[in-house]
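Look for chain A in each of the two complexes below; its partner is chain B in the first and chain C in the second.
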Partner chain A sequence: MRSAIHFASAALALAVLAFAAVPPVAADAPDPVADAKAFQKYFAQKFPKLKLQDFVNGPYSMNEDMHRQWEEKEQFPPYEFSLDMGKEMFSKPFKNGKSYADCFPNQGIGIRQNYPYFDEKEGKVVTLELALNRCRETNGEAPFSYVKDEMAALTAYMAFTSRGKPFDIKIPADPRALEAYQNGKRYFYTRRGQLNFSCATCHVQSPGERIRAEVLAPALGILNAMPIYRSEWSGMGTISRRFATCNSQIRGVPLNPQDDEYRDLEYYLSYVSNGLPISGPGARP
Partner chain B sequence: MKNVMRASIISLSSALLIASAISTLAAGSEADFKAAYSAAEAANKEAGALRNQWTVTAAALADAKKAADAGNFDEAVASSKEAEALAKASIFQATSEKEAWKALEIR
Partner chain C sequence: MASTIRVRATSSGETTEVQALIQHPMDSGYVKDARGELIPPHFIQQLTFEYDGKSVFVADWGPAVSKDPYVKFSFKGGKKGDDLKIGWIDNKGASDTTTAKIQ
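Here is the complex of A and B:
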């Protein structure tokens, strides 16, 4: 009897130890592949008539009248000046004789779909805007403002050379990359500002709805069209400008362009749109 | 004559008391502003550390400063208190959203 009790105690102790040795798996452990699948499924179900690749046209994909407007706009696109300016800037050498082409794989042509990427040396997300300014600084040039025309022009040209190529954002097997992805996801869903809105309030819960005169774009494919010409801005806008404006519109103080939170947000939003084609530069109302 | 003198002394004392109370009140208002403004600034700084400041808080702080510069301490105190309330709301939002954001997630 006594040995039976000892055996049972030992078995129980072993069982407890065995469970303790298994690393705890959090119910909400990040799973980017499952996230992207659920994200795309959500939008496909919300807008069953839309093809997945049409989401990159933002509000213009939401109804027929707007789609016709977009087709007409594309005859003489308002971003054309910016595109020409970007092409010229991109090919013009720096004072040291080098150029943007020297800083990027494939001389910077047709690579937009791979940005942002996680730089394992730095341990952080690197966006295309950031990489462009780093290229300038490495070559002795002053960085451009992240929210003004020069940066929009350069990214417009680079996006144009990638048109039709599907977003192909990678999350390397590095816990820091997964953490950056998760931070971006958290930022996207976190309510902020006096209006208590998150990015998802507008772009997940209410795409296709009007907020004042604007039709809200779906979050799926929202960055594929960047940079964009916005009639509301009467000019071009970069991703940095878009994030900062969203924050101010909900009465939150924007962070600095290319702060970690915005880089991570861009990483998350781009990743969940993997497979959708680059359509930038775009035009929006 | 004694009564007149007593009345004068009482009047003078009352006048001095009222004058002193008014000056104390005015000085108190400026001190109140400084205390209220500093509390609002501290709360807004805390919101900044949580990366969640609101534009309306900054606007209320600017209004408070402007009113104080114009010598309108009542308004300056009111704006400072509004700024502090807004900053505290933004702190509450940032703190509660640490977990609450998950409710919005597409799964």
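Here is the complex of A and C:
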């Protein structure tokens, strides 16, 4: 009996060693700063050849072959049409004469790295996609679908004007902000769906591995490249689309775009990528 | 409406390398929409690149080519500053043309 316990504790110690670099799932007191540090350190150790800013290129940094493909692709990126459409839409005024620029700080240029932010008045996380649709609604325009086309074009343009700026997500001294962060973190590490996968199963444990024909992207920097043109979709997709597709691919039931959980998840995932440059819009296989 | 064709042609002296991206749905006619109805075929049938009055690249395309197709090829000749004419015609008779300067 005693030897069994010894054996078990030895196995446990080994397991703890093996996962020592994984960010702790349930720390007693939430500490986002330490989380982000541990998160980035984990990926840096897993991929010692990569620089931190390489992670924003997702699967294209994981594999030399794909990296060459990507370099070629970036010369003539498939998101160009969407980017042009976004630029045109962004500068075109609404029926009431106002425009998107009036809804955002700095006329909406070069601000992608500050989204999502925690709105202390509302007590919730506000994402860029949400802010764009709210901007439309306050100006008497119908909101866009959150997943593709117009929304992707607009966010593509806004990301493009912010390229190279490091993610700068802040958690204000408001207990609700910390709670939103914790909710997002919990969502990220909770297993769900018929396949019983969490977001972390693919994007923390197995980036660089293949899942069928695809190479999994690391969670670090995954939102920096949004929105993306995915060859698999033959089109553009937003963060909302990415989250919903992930959930249905693990045979779970996706939430509605911009539900509180997704907003919190985006908050968490963006926060732990703080310091990595915006690289959107991106192209993915 | 901006052009549906994006072209970049660069001359390296002896040859000219051409890259083009075309915006087109390229519906094969075998795909159903959300209501279960077939999306009618709509694809580019012919794509041509002309330089100095001569066709340097002609592609006869069918429904198997992907949406927003990308083409890359090179041809002998081509001088910096010269025009390259690009055009496509689809199965519904729609077409678009553009002219690009070789860089």
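To be clear about the criterion, the second predicted complex is superposed on the first by the 258 of 285 C-alpha atoms of A that agree within 3 Å, B and C clash if a C-alpha of one lies under 4 Å from a C-alpha of the other, contacts with A are read in each partner's own complex, and residues count from 1 in each chain.
The rule we apply is simple: contacts are C-beta pairs under 8 Å (C-beta built on N, C-alpha and C of every residue); 3 or more make two chains touch, one makes a residue touch a chain.
A quick note: this is a predicted structure, and the numbers were derived from the prediction, not measured.
In the three-chain model built by superposing on chain A, chain B fits alongside chain C with no clash. Look at A:Thr190: by the touch rule set out above, it reaches chain B but stays clear of chain C.
Residue contacts after overlaying the shared chain place A:Pro166 against neither chain B nor chain C. Touch criterion met: A:Gln75 reaches chain C, while chain B stays clear of it. Once chain A of one complex is fitted onto chain A of the other, the partner contacts of A:Tyr42 are limited to chain B, with no touch recorded for chain C.
Of the two partners chain B and chain C, more residues of chain A are touched by B. When the two complexes are overlaid on their common chain A, residue A:Gly110 makes contact with neither chain B nor chain C.
Look at A:Arg251: by the touch rule set out above, it reaches chain B but stays clear of chain C.
Judged by the touch definition given at the top, the superposed model places A:Gly208 against neither chain B nor chain C. Contacts of A:Asp84 after superposition on the shared chain: chain C is touched, whereas chain B is not. Think of it this way: put the two complexes on top of each other by chain A, and the tightest Cα contact between chain B and chain C is 17 Å. Taken together, the two structures place no residue of chain A in contact with chain B in one case and with chain C in the other. Residues 2, 6, 8, 19, 21, 23, 66-68, 70 of chain C touch chain A in their complex. Those residues of chain A lying in contact with chain C across their complex are 75-76, 78, 80-81, 84, 88, 234-235.
Chain B meets chain A in the complex at residues 51-56, 58, 86, 89-90, 93-94, 97, 100-102, 104-107. Of all the residues in chain A, the ones that touch chain B in their complex are 28, 35, 38-39, 42, 185-186, 189-194, 196, 198, 200-201, 204-205, 248, 251-253, 255, 261.
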